[in-house]
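What follows is a pair of complexes built around chain A, which joins chain B in one and chain C in the other.
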Partner chain A sequence: MKPAASRLGSWLLLAGIAAGFLLACGEGHRAAAYSKPRAFTRFHQRISPDASFYPPYAMLEALALARWAPGKTLVIIGGNSILNGVAQPESEVWSLRLQEMLGDRYVVVNLAFRGSMAAQGGALVAESLQRRGYPVIFVANTYPHAGCGRAADGPYGYFYWQALHQGKLSDYPARTADLQRWRTARPEAERIKLAETELGARIEAVTRAQSLWVHVSYRHLFTVWNFILGRDFWRPRVWAPDNEPAAPPVEERFRHEPEAELATVRGFTETLYVPGPSGSPQLDPAWPTRLGDEIEAAFVPALRPRMLMLLSQSAPPYLERLTPAERSRNRAAYAAAARIWRDHGINTIVAGEGFAASDYFDRLHLTGEGGRKVAALVAEQITQMNSD
Partner chain B sequence: MIFNTYWFIGFCAVFFPVFWLLRLPGLRRTWLLAGCAYFHYHFAGPAGVLPIVAIGIATYLLALPRIRLLCALGVVLAVATLCFYKYAVFLCHDAIGLLAPRLAADLGRQVQDLLPGAPPLAVSFFVFEFVHYQIEVYRGHEPIRRPDDFILFAIHFPSLTAGPIKRYGDYLPSLRQGLTGVSPEDVAAGATRLALGLVKKVVLADNLTLVIDFHQPQFTSLPPGQAWLFAGALSARILLDFSGYSDMAIGLSRMMGIRLPENFHYPYAATSLQDFWQRWHISLTSWIRDYIYIPLGGNRHGLARQLLNAMIVFALCGLWHGPAWNFVLWGLWHGAGLVLNHAYPRLLGPLGTRLAGLFARFPVLGWALTLLWVIPGWLLFFYEPATAWRMAVKLFTFA
Partner chain C sequence: MPAFLAKFRSTLTLRLLGRFVLGLAIGVLFHYLLYRFFLPVQPFIYVAF
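And now, the complex of A and B:
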């Protein structure tokens, strides 16, 4: 090729790269505004980070607002796999029951993820929308010992950084200071990872590369192999329906490593106890302050009265195997945790008290029937909260 | 991999536009120097930078007077650094430990107390470039006079993480050219090469890694066809991964108008093992040829010595990849292959001559045999010798 032609070709290529980049950014911004899974019920496993599908924060907001209309209250569900509806087939997901029970005046959106903490994902959407004047109620779950986590922690931490750098969150110094302290105390490798996640969120705010990519991978082509999809990994995720199986008969449940599961149930509350003056276990006196500080840092004050926290109780077959003393400590820990949450202005209920073994799929997850019971509890609370 | 991090995207977004906009070579040089230093610091951390800075200063100063003894000292120092950081524990536990376990345990404890948690990143690449430099000066070539030239040669950021291993005689003229002016052709060619590397690494190699890691625990229960597919995936993965890195390094350099040596040239199209090693990790192979194989005598002292040299060289080549026996065995496997490749026409007499003729007439036979040697070799590269053996037995018995 002649030098002049080669030079022109190079300029054209570079101009093409620049134009392509700008176009992709434009498309990314467009996708961020509307792109969301079709006929959305929840982030089932095949459209979740478990299967290398990382919905951007913008998608959560797009989902929350998709069905909303003036005069309706948004009920945003956060929390973990229990509220995601793991073990409930798509048609039995508890949030559908909740929507039915609450009626048309409410729009229920299930933004819970497996392994997510109460302060993450949905909590940020609720804060952002409430700040913009939407009538919002936020529902999440946790356990007495688990607190609410930190918005920026773990695999869902990117939601926080994206929301922050897209200007969605309130300026909340308590959270900023807490995150700064927490971040500084992390090992160096984790700090580097956090910095990388935050930088990614900053870049996302400008380019919306993740929004575009998730849009393409949902509708057109996926490129990351994962064992959940196996040889169909390349298919667009719109193809992958929610295939959560129904629970097996109750006599076939609770068989998976029962001793280990029982030890976990014990650990849920035992970690909150310390030896008292007489030597017998008592609730750690430092715990209320610890949990209280966590709550104060995680949720902006304006959101707290509009929040409902569920303290998820373990399945009866495990609770029944605890000694009477352990059972009593378990009850006391749940009651104390509920008090602490309420003391910080958050409506709290223990979910699972009085439930039958058949309401559970395993140690924690609820069947469709168990989900219906939770939905009834939540609907009652929400109606009350909204009328106050 | 640092090239597909957000940090690196941010780094490039600032570094390259400024590099292109600066027209004065001096300013461009300063900017490149700052970029390389910042990249190295971010990549290796303070603990990883200090040993490299120390050995770099020593290398530069020892070569400057062009005194052969000092150059030799520089080589010893660089190799000792590599041995200390990368091979000390291996030498204590796996080499001395075979003969005197108690002594090895004592030594191992003392060495471990001295060593940092991990060796300085890319120490093998640094040391190979420093050794090359000292030997070339020892052989009478001009040393690098400007300290900033030397620093740029040492920490040129695109090749810092995984090569290609540069030669200063080629690098410095290219650097000057890049500092004087970058053409749009260079930028376009570099960007294209960078994109190719990213696709190879991120889209293909990383996906293959996921598939391989998932199926590896079940390898023994895979049907024969799938087991061979697994071995093929393993072979594709290492090529795509490593050549992807090289493409990115070459592309990023080219975007500054600086040319780096090629590192791969369709290695799986090789029709003999010798051909394979002229196409695979070329910058390493040529380094080993020039600085180990030829000084050992190369092919100048008869067939037996040539074959012995090949075995030594490939054992060291294997060890360069990591301080473990499986790497040594992988090197020896290739050394043995090359010995066979060289010796069979003479050893088998007329049959050997006929075979050689057959391979020359039907290159596809040589290609198939080469792959049949190279692919099982990767099992040794990736797995413990016992695991690799079990996997190889399964492959060849079609169990």
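And now, the complex of A and C:
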């Protein structure tokens, strides 16, 4: 090539790089506006971070808005694997029952993730949509000792940073100050990780790289190896059906490390007790303030009256093995936690009281039948909330 | 235009076009690498709590 042509070639190469990158950004923005899993029921294991599938925040909103129509109330489900419907085959997922019970005036969207906290994922979508004038009810779950977590914490923290840098969230000083304090107190390695996650979210807001390539991964070709899919890792995730198994017969359940599981059940409330003046355990007097501060920082005041919090109770085979004193402590802690949540303006119920062993798949997760019972409880509460 | 000159020009155009297409591919690759760069390094292993 002659020097002039060579120079022109270099410029064309640079122009091509810029054009290719801008083209991909444009496609990313397009994907962010509509990309979502087909025939969506929930984020099952193979379209979850467990299988290296990290849905962008935009996908959560796209899922909620795709089903909404004027006159309908959006019921957004957040929280953890219990509300995700782990242990319920696709046709038995509790949120499908909830949709049937609530009827056409409601649109139920299950945005719960395995291991997620109440303040994460769905909570941010509910806040964002409520802020834009959509009628929203947010349902999530937790346990007395677990609180609601922080929006920016853990593997789902990226939802918060993406929602924040895409201008979806309210300016809420209590949350910003809490996150700042929490962030400053983290060990340096975690602070660096958080900074990287936030930088990623800032870049996503401009380039929509995650939106585009997750869309490609879902529809065309998956490019990240992971141990759950193994040899099939490359197949587009639209191919991977929801393969949550049905529960085995009840006599085969609750056998996995029963002593360790029982210790966990005790821990749900044990950690909330301190020795009282007479030496007998009493609920930690600092706990209501601690939990209250967490709730205040996590949920904007406007959302709280439109929220329903479920305090998930453990399976009867474990509760029955507690001593009478432990059982009474367990009941008292759940009742006290419900009071604290209600004191902060959030409708709260204990989910699982009076349920049978057959309603549970393991210590926490519900079978289709247990899910149906939770759906009935939630439907009743939602109908009441929406008529107030 | 003599045949050899026309051939030279068409080869040159193809080369220049090739450069541009190569650039497009690099730009798209760079966009993809941004996605990969911000994926968590450690796998997410779900444990019920």
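One rule holds for everything that comes next: the second predicted complex is superposed on the first by the 383 of 388 C-alpha atoms of A that agree within 3 Å, B and C clash if a C-alpha of one lies under 4 Å from a C-alpha of the other, contacts with A are read in each partner's own complex, and residues count from 1 in each chain.
The working rule: a contact is a pair of C-beta atoms (placed from the backbone, for glycine too) under 8 Å apart; a residue touches a chain by one contact, two chains touch by 3 or more.
The structure presented is a predicted model; accordingly, all values stated were derived computationally and were not measured.
After overlaying the two complexes on the shared chain, residue contacts for A:Gly20 are found with chain C alone; chain B is out of touch.
Of the two partner chains placed around the shared chain by superposition, neither chain B nor chain C is touched by A:Met101. In the superposed model, A:Arg7 makes contact with chain B only, not with chain C. Contact with neither chain B nor chain C is seen for A:Val250 once the two complexes are overlaid on the shared chain.
Judged by the number of chain A residues each one touches, C leads among chain B and chain C. By the document's definition of touching, of the two partners only chain C reaches A:Leu212; chain B does not. Touching of chain A by both chain B and chain C, each in its own complex, is seen for residues 9-10, 13-14, 17, 196, 199-200, 203, 223-224, 226-227.
Listing the residues of chain A that touch chain C in their complex gives 1, 5, 8-10, 12-25, 28, 45, 48-50, 52, 54, 80-81, 86, 114-115, 146, 155, 196-197, 199-200, 203-204, 207, 209-210, 212-214, 223-224, 226-227, 264, 362-365. Partner chain A is touched in their complex by these residues of chain C: 12, 15-16, 19-32, 34-40, 43-49.
Of all residues in chain B, those touching chain A in their complex are 5-7, 9-10, 45, 183-185, 187-189, 191-192, 203, 206-207, 210-211, 214. Residues of chain A touching chain B in their complex: 6-7, 9-11, 13-14, 17, 188, 195-196, 199-200, 203, 223-227.
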